[in-house]
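You will see two complexes here that share chain A, one where it goes with chain B and one where it goes with chain C.
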Partner chain A sequence: MIEAVLFWGLAAAAVASALGVVALQNPVGSVMALLAAMLATAGLYALMGAVVVALFQLIVYIGAVLVLFLFVVMLLDLKASAAPARAAASGAAGVGITAAAGWAAWVAASHAPPAGSPRPAPGVFELAFDLFGRHLLVFELTSVLLLAAAVGAIFISRTGKRRSS
Partner chain B sequence: MTTTDILWGVLRIVLIFSAVMGLVAYMTLMERRFLGFFQLRLGPNRVGPGGLLQPIADGIKLLFKEDMTVSHANRFWFRLAPAIALVSVLACFAVVPASPSIVVADIPVAVLYLLALSSLGVYGILLAGWSSNNKYSLLGGLRAAAQLISYEIPLALSIVGVLILAGSMSLVGIVKAQEGLWFVVKQPLGFLLFLVCVSAETNRTPFDLLECENELVAGYQTEYSSMKFGLFYMAEYAHILLASCLVSLFFLGGWNGPLLPAPLWLLGKVFFVFALFIWVRATFPRVRYDQLMGFSWKVLLPLAFVNLMVTAALTVALS
Partner chain C sequence: MSLEHVVGLGIVLFAVGAAGFFIRSNALVLLLCVELMLNAVNLILVGFSRYLHGTEGQVFVFMIMTVAAAEAAVGLAILVALYRLLRTLDMSRINLLKG
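Moving on to the complex of A and B:
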């Protein structure tokens, strides 16, 4: 009973705040709506018993990624960006991506195993043994990829500065 | 879950909440008196015996001050910001135990929970700085975001050594693992790193670049008055209390100690750590902004990695 109430509350909050990200005029409002959506999704994960995933959602997305979003948005000249030109092409792209995501969700839901006794969600130890055991190579390759991306971003921003000065 | 369980839970929340709020009030008095002694003056000693009623007088004064909202502020976010700052700190106390049984929720991933919830606090400061629509506030908010993110990384890494030694992420489990020997002995570098990072996270004086009264007026809280300012003030001291509790629980053996009951031991250690923070505040001048950033990324982060590697290697070699 309590779980159903929590699920519908969190799901409604997630959808409403996701709409807010797109609909709000103020960019800071959009970032904060995205934060609310992330919190609601973390709540849904925790409701499914995946507490570790929920906490990492908070640490990575809310603790790091969104802070940087907010940081950049606050430095923008808000008057210049208050009324962005919304071309018809971007609207069409939005409809197309939403339709594709909806189709993917429908396919995933129709192939899902029947609801029954779910496996217990993995704790920190199970996740760690999986990441650093079975998936060690992929995990380390991903870290190399991320490092290359970070170095590349710094290189591009630095050469841009030199050219302008 | 029966009704008794729920009642017990609510009772524990009320108990911890009132203890935290009471301690926060008297920490402000302790800091002011100690700073007075450090500067060869008396500090507030007129209200009540030895100044003991000063926090109550301060609270009443704050409540009755005029609550101003500057006309160019972004009202919604301006009002929300102090609430976010305070709630994110108070929520952390849900997993902080005062003894093996006095804890709201002893969850197996308590350390992750603390890292996740304390990272929410930066939104309060950022939003306060931005919504005040004032250049000093905005500068304070931006500095806060950069500083808090930079020091979160060595902070998290410096705890990993403790987690390796304890083999648990529950705070009760970590304290139980220190029954023989406190982790400050096995993790001296980790202890120092944690102490430095935590005083940067709580914006204590050598690192209080986001308030920095001689450049930024009062940073992100410049435009706040009355109880909205009071909420920021409470959040700041609750954060320092949380930091003192965590230093005691992670490194100083928590409630372990002979004779006295467990909560009293923890209280004594928290008192000691807080006195250390005041001592540092009274001693060190504020660092420059580039020194602050360089110190985190070029000194603390490599040292935290060295500490992690050495701890992991020794643990594997000795087991």
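Moving on to the complex of A and C:
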């Protein structure tokens, strides 16, 4: 009962703030709405027993990625965009793409074996065992990806003045 | 709260993000919409991990979070470079590749 109340409350908060990301004209407002959506999603993760994922959501997404977005908004001094929104018909294209992808997810969900006796969600131990055991190579390769992204970001955003000297 | 509920919520969030990606004209909001879509997919993966009692879904979520962080870093660097070049982030005025 309490689980259902929490789920529907967090789901409503997530959808409302997601709509805020799209609807708010000020970029700072959009970032703040995305922050609310991330918080609601972190609550949903914790509700589903994925506590580690919820903590990573708080630390990585809200603590790093969204702060980076806020830095760029402040840095570029973006005004509330007076530019008219693009045609709403193209938004229908987005919904159409989602319908195709969502149909696949729905089929996968309906083919899932029915939930039997309620077992506990995989805990921190199982997750760590899997991540540093079977998926160790992938885990290590993500560090290469992060290094490449960091070097690439520095390379792209540097000014061209130093190159001429 | 069943698997269908979680998948349905993920689909709705993804639809909002995808529609926003096509509607909005601010390049920074476009990146925010991409993050929103990644978040929706993460939610569905955690839902499957919960109801199929596997850890793979959560491992996938870690990888997606890493890719999202890298994507945000590179994407924002591109935005800063674009803003230096064009003094705007309006997608209708970024048409350097138009023949």
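Please note the rule applied: the second predicted complex is superposed on the first by the 133 of 165 C-alpha atoms of A that agree within 3 Å, B and C clash if a C-alpha of one lies under 4 Å from a C-alpha of the other, contacts with A are read in each partner's own complex, and residues count from 1 in each chain.
Heads up, the rule we're going with is that contacts are C-beta pairs under 8 Å (C-beta built on N, C-alpha and C of every residue); 3 or more make two chains touch, one makes a residue touch a chain.
Everything numeric here is computed off the predicted structure, so don't read it as measured data.
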First, second, both or neither for A:F56, with chain B first and chain C second: both
Contacts of A:L34 with chain B and chain C, given as first, second, both or neither: second
Chain A residues touched by each partner, larger count belonging to chain B or chain C: C
Which superposed partner A:A104 touches (first chain B, second chain C, both, neither): neither
Touched partner set for A:S157, first chain B, second chain C, both or neither: second
Chain B versus chain C as contact partner of A:V15, first or second or both or neither: second
Which of chain B and chain C A:L75 touches, first, second, both or neither: both
First (chain B), second (chain C), both or neither touched by A:L136: neither
Partner chain(s) touched by A:V67 [first = chain B, second = chain C, both, neither]: first
Residues of chain A at both interfaces, chain B in one complex, chain C in the other: 52, 56, 64, 68, 75
Contact footprint of chain B on chain A as seen in their complex: 28, 32, 35, 51-52, 55-56, 58-59, 62-64, 67-68, 70-71, 74-75, 123-124
Contacting residues of chain B [partner chain A, same complex]: 74, 77, 107-109, 112-113, 115-117, 119-120, 122-123, 126-127, 129-130, 138, 141-142, 145-146, 149, 152, 169
Complex interface listing, chain C residues touching chain A: 1-7, 9-26, 28-29, 31-33, 35-36, 39, 42-44, 46-56, 58-59, 61-63, 65-74, 76-81, 83-84, 89-92
Complex contacts: residues of chain A adjacent to chain C: 3-4, 7, 11, 14-15, 18-19, 21-22, 27, 30-31, 34, 37-38, 41, 44-45, 47-50, 52-53, 56-57, 60-61, 64-65, 68-69, 72-73, 75-76, 78, 81, 83-86, 88, 90-95, 97-99, 101-102, 105-106, 108-110, 112-113, 115, 119, 121-122, 126-127, 129-131, 135, 138-139, 142, 145-146, 148-150, 152-154, 156-157, 159
